[in-house]
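Note sheet for the following structure.
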Amino acid sequence: MNPVYYLYLASLLFTIGAAGVLIRRNAIVVFMCVELMLNACNLAFVTFSRMHGNLDGQIIAFFTMVVAAAEVVVGLAIIVSVFRSRHSASVDDASLMKL
Amino acid sequence: MSTLAASAGSLTSVAAAASTTSTGEAVQFWVLGTVAVIGALSTILMKKAVHSALSLAATMIVLAVFYLANGAYFLGVVQIIVYTGAIMMLFLFVVMLVGVTAADSLKETLKGQRWLAALCGLGFGVLLIAGIGNASLDSFTGLGQANAGGNVEGLAALLFTKYVFAFEITGALLITASVGAMLLTHRERTERAKTQREMAEERVRKGTQLPPLPAPGVYARHNAVDIAGLLPDGTASELTVNKTLKARGQIRDVSNEAIADLKALERSSAERLGRDEEEVNS
Amino acid sequence: MSFPLLTATAALPALGAIATAAVPAARRTAAKWLALVFSLATLVLAALVVVRFEPGGARYQITESHAWISDFGVRYELGVDGIGVALLALTALLIPFVILAGWHDADPLEDTRPNRRWRPTQGFFALILMVEAMVILSFEATDVFLFYILFEAMLIPMYFLIGGFGDRAHAGGDEAAATQRSYAAVKFLLYNLVGGLIMLAAVIGLYTVAGTFSLSEIAEARANGSLSIATGTERWLFLGFFFAFAVKAPLWPLHTWLPNAMGESTAPVAVLITAVVDKVGTFAMLRFCLQLFPEASKWATPAILVLALISIVYGALLAVGQRDMKRLIAYASISHFGFIIMGIFAMTSQGQSGATLYMVNHGISTAALMLVAGFLITRRGSRLIADYGGVQKVAPVLAGTFLIGGLATLSLPGLSPFVSEFLVLVGTFSRYPVVGIIATIGIVLAALYVLVLYQRTMTGPVKAEVRAMPDLSVRELVVVAPLIALLLFLGVYPKPLTEIVNPAVEHTLSDVQQTDPKPEVEAAP
Amino acid sequence: MENLIALLIAAPLLGAAVLLCGGRRLDRVGHWLGTLLAAASFVIGVVLFSDMLGRSGDGRTLHQHLFSWIPVESFQADVAFQLDQLSMTFVLLITGVGTLIHIYSIGYMEHDERRRRFFGYLNLFLAAMLLLVLADNYLLLYFGWEGVGLASYLLIGFWQHKPSAATAAKKAFLVNRVGDMGLSIAVMLMFTTFGTFAFGPVLGSTGDATEGKMTAIGLMLLLAACGKSAQVPLQSWLGDAMEGPTPVSALIHAATMVTAGVYLITRSGAIFNAAPDAQLVVVVVGAVTLLFGAVVGCAKDDIKKALAGSTMSQIGYMILAAGLGPIGYVFAIMHLVTHGFFKAGLFLGAGSVMHGMNDEVDMRKYGGLRKHMPVTFVTFGLGYLAIIGFPGLSGFFSKDLIIEAAFAKGGTQGWILGSVTLLGAAITAFYMTRVMLMTFFGEKRWQPDEHGHQPHPHESPKSMTIPMIILAFGSVFAGGFFAIGERFVHWLEPVTGYHHGEAPISAATVTGATMVVLVLGAALAWLMYGRRPVPVTAPRGSLLTRAARRDLLQDDFNHVVLVRGGEHLTRSLVYVDHTLVDGVVNGTAASFGGLSGRLRKLQNGYARTYAVSMFGGTAVLIAATLLMRAV
């Protein structure tokens, strides 16, 4: 088997995550889907680093994880405060983009 | 786990340019890959957020394994510790906070949203795969040399030389994030806290429930917070249970069973004392 | 380096605009005088330019050149040829009269309560000076990009001048007038913006082809053959430029914004539109279309001549059919712009010199006619021709100046427009006889609409409404008399102007490799 | 000496400038100033004339180059003058008659508060007319040409408060403009053909150009002449032009301006000689107008309009003569001069009559005025005799020579033209006799006007009668003076060229025939208007009469075809401009509005919708990159 298959898997996961982002209304789940997408990317990076035989890919994946951590912290905090104020975690309720 | 790592290690120590991996890894890929995909799908299809979180965790663990298989030992471990360990738990916390059992319907409210999403997703996936397809190179250089001095050391070498600035910046980012999270969740008290006296006066003015709320639970064997206290006539008092629990519908109503137990008790004692029902009833 | 004279001519009015705008609300009159002084100072500088300019000398003179946006090779390049000098002088000359004529047009109405922020007068004169600055600079710019920016930027003050300041006493209620005005302003803006955007595309295209915005560099590159634009490309670029200029000019069928704009705005602003701003369009045809795209210009000439011809006859006929005297003058201007464009694309020295003179003379004559019409309108409070009659009896001087303005519009010999119109006709006739002959119909029609206008307003029994009409005040005389004097002088002795213009025209003709057709027989001396 | 030429024009021009810009403070002396400057111009003319006589036949042409007017490459228009015998003749006529009419106007316009401006306009006219005849190139001539048009416009519409006057003025200017169009096209043709339009070069090299070009130029010049000289088909304005003050009618619309067409054709003789077809058209136009004007003159009851008709027909004679070529030019000019005398005299007489009759113009309300205004009667009578060609008087010589020349054209053309001119003579005799009889003979028919003023006819003041007397002298003797010993022919020959046309019939016969038709015409008029009383209200009259009263329906034609048609055209165009041309643009704007309205629906504010579009966008981008890579 060729490591390329990992890439196929990664893209599949990424797509699934994206679809999730689009179809779920619960902010938390949407968030999880985002995480899924990030992980898919990581997998791709790791695979690439293996294919090209240098560690830069892994470094990037590492950074992605760190950033993801930070992002999750802030994002969840936001969700919590939103939930506090509107007693709902649905992304559709926050349709404030429309004036 | 360690076996996997070993297999991966043996694999990566193979000659630089290989065109295919070991069958063992292949098997592992196909098995765990299926698991990962199923996990991902259930993540987006489960009604309850908790289930989504758990299936996502599963996917992540699988990914961790794949990292290891790809010779990214450090990342594999970090994946398990940070992601599955920390981030997913954070998710669970929040889910609990917002309500575990609050299942959101998967019924689409936006017209055509689902179809569009499906269409885009399909097209996107196809495109990605096609892209990889024509980017694919049939031979690959393993991480043999790169990991020669050990994977962690290799990463460290890169991280603290080439990527040191990025590293520092991410550090700053983390700090900022934590502070930001605190700021966001922290609720500033706007008015002076009421003194006890004021509260008391307020209660009196309202005239409702002058004495403190009754404690939950009746009899020593039931003092769980989720059991309504019984009024003298044996009916459950709503006041005794926390609102949140009530909102989640997590109240256990034990009043009837308590009465039944009482009856059973009396009957048995009556039998032991040899009294008959009449006496009892009279 | 020497004193940047050209920059100064543009910078002075700009400064004036800022200064005027800064005058506090209460000191309205001070603002007016300030604006007038600045415009006169600009006139002095313009006179200096005319003096410094040697007709026989290099093509572009008094040049300045500084790097501006070096990444795109955009330079701040100024320079004037004879045509530019003539139009620059015209602009600098007209603005003081415009300001003087609009002396009271922007006074806040009595019923508006005093308000420190509300300063319409300051705004009015500041905007006029702003327009002057931009127009002058656009006549001097020899960098396509710089010119484009000015070409677009001058729309902004014009928009506010048209939309913000209408006739003081309009026949229809103020409400209706205001809506009409904003419609006219928006129409003006949209038309010119569309033209400008298409031009922008062409400008970028030109840059991608030529790699520079500087006229001189492009001309040089063309000369030494290092730059050769493919025929197709050149034609597209030409069309892009020409469209914008045709809207500005305006050429049929892109003319409909002009009558609204001129009809709704006050007379001085109308003069600003037709006598100053629109000239940029025809000027740009001469300087940019012909110089940058000679082949394409020749290729497009037949179509353009037909359009110009339509403009001439069509505009004149519509002028005959108008009930509103400002709109009448507007349509007359459309007809005249037809003549100008025809002269430019006849590509003979007479035609193009005539066209350039035409721009100047049309500016003066229309200013005279329009301003007097404005005085008339402010007296009676109506733009409708039918509301007047017998004015000649009560206000002979006003009527006389009106008649002279009209005669200039119908280009009577002895008044300057005749010179230019005849030159254009001869120039066109010598290359395209049929076109020239059809164009002469315009002469007759011009007489028709001018005389009908004069007869209906000035002659006949005196109407009751005009019986108490006062004759021209001193201020108004000061506005009109010099214009009329100029019309007479340039009509009898246009040589100073032709001397400046001819060499420039020769350059343009050599750009398009055209020479005047030779007469059939060499006449005996 | 040649430097005086500019002064000829400068004097009246100065007068015009001063009088028109001077303002009210000049009201007192304005008329004197105007007259003085006109006279000054005349004196200069006389000086130049005497100087010219002093020089030999071919050296008589003077040139003065003032400055270069419009220099653009090969197009070189100069302000330069040429004074030769032809111009000289006109200068004397214009300044002379002009001065007389200035004097006349002093009295005639006495009660008009705008008299100063009137004299300003008169001076302006003199300047323009002199420029016209003194110019040495066609463009400068065009300048004067339009200048006189302007002056006539101002003077016809002098009483602007009368709508009829304003309309007449406008009409005159417009019709003239049509003619001017011809002149300008002619100038352009000259420029393209010869590269110049100065008299010398153009007329010197007419032979080298193709005949077609020459014909075209000739016809264009003729069009111009028709406009200015009120020839068919552009004659319609002259009748209405009588709305102007009578001195104006006398000076501009009888003596000088209307004859500019004849000057133009004579001046351009070389061109016409090179274009026989054009010449033929000229002759035809002349002949037609000759009869047209005569017929109209017979029917009009308005004395000035009757005279206008006669003017038209007399100019027809001149144009016809000019069209005959070298055999006719001289006689055309000669008739022009004599006509200048007697027609001006007649108009002044008419003016004097009106002056005495509260500006009544209807001859049916005159009658028997000879007792009341003897001087007017005599001068008018002499003018009358002169115009009908009474033996010995001016008209007799000049007209007779034209008739001979017409016969001398030769062939059937000659016969036709000859008979036409004879017929014209007969009709002239008829309508002039009619005017004479209706005005001065018979019993008095005048009645109070609408204000109830009973007119009491009286002789006009000296300032009016003296010019009439002088003109009467001219109309009596001028012809004889010119004709005897062919003075005039020798005078003009160097300029216009001349060769004697051999008439198929002897001169005596022609004269005889003229006499006969003359007597016939006069007798007929006497039968109709002399013997029986003239009804005060015009009888319905025959079809021809009614048509003639309406200028042979030419105005109606114009009205229906040009005015109505034009109105419809403009109105429909205004509509088109508003709906079609404008509508297209507004339509585009509206469609854009609708489109954006539809697009707005996409902006529903739901984050997920935007996410979808983003996602789709990314997909598209990837597809694009892939395609690019594939290609």
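For reference, chains read A, B, C and D in written order, and residue numbers begin at 1 within each chain.
By our rule, contacts are C-beta pairs under 8 Å (C-beta built on N, C-alpha and C of every residue); 3 or more make two chains touch, one makes a residue touch a chain.
As the structure is a prediction and not an experimental result, all values here were calculated from the model.
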item	value
Pair of chains joined by more contacts [C-beta pairs], C-D or A-D	C-D
Chain whose averaged C-alpha position falls nearest the assembly-wide average	C
Distance from the mean Cα position of chain C to that of chain A, given in whole angstrom	62
Chain A and chain D: spacing of chain centres that average the CA atoms, whole Å	96
Centre-to-centre distance between chain D and chain C (centres being mean Cα positions), rounded to whole Å	37
Whole-Å separation of chain centres (CA-atom averages), chain B against chain D	108
Two or more partner chains touched - positions in chain B	110, 113, 116-117, 120-121, 124, 128
For chain A, residues that touch 2 or more chains besides their own	18, 22-23, 25, 92
Chains grouped in pairs wherever the two touch, ordered by label	A-B, A-D, B-D, C-D
Residue ranges of chain B in contact with chain D within the complex	110, 113, 116-117, 120-121, 123-124, 127-128, 130-131, 134
Residues of chain C defined as touching chain D within the complex	190-191, 252-253, 255-256, 314, 317-318, 320-322, 349-350, 353-354, 390, 392-393, 400, 407, 412-414, 418-419, 422-423, 425-426, 429-430, 433, 436-437, 440-441, 443-444, 447-448, 451-452, 455, 458-462, 492-495, 498-499, 502, 506, 516-525
Contact set on chain D toward chain B in their complex	604, 606, 608-609, 612, 615-616, 618-619, 622-623, 625-626, 629-630
For the chain B and chain A complex, residues of the former touching the latter	12, 16, 19-21, 23, 25-26, 29, 33, 36-37, 40-41, 43-44, 49, 52-53, 56, 59-60, 63, 66-67, 70-72, 74-75, 78-79, 82-83, 86-87, 90-91, 94-95, 97-98, 104, 106, 108-110, 113-114, 116-118, 120-122, 124-125, 128-129, 132, 136-138, 140-147, 151, 154-155, 158-159, 162-163, 166, 170, 173-174, 176-178, 180-182, 184-185, 187
Contact set on chain D toward chain C in their complex	20, 67-75, 79, 139, 142-143, 146-147, 150, 153, 157, 160-161, 163, 165-167, 169-170, 173-174, 177-178, 180-181, 184-185, 187-189, 191-196, 200-202, 204-205, 208-210, 213, 566, 569-571, 573-574, 577, 581-582, 584-585, 589
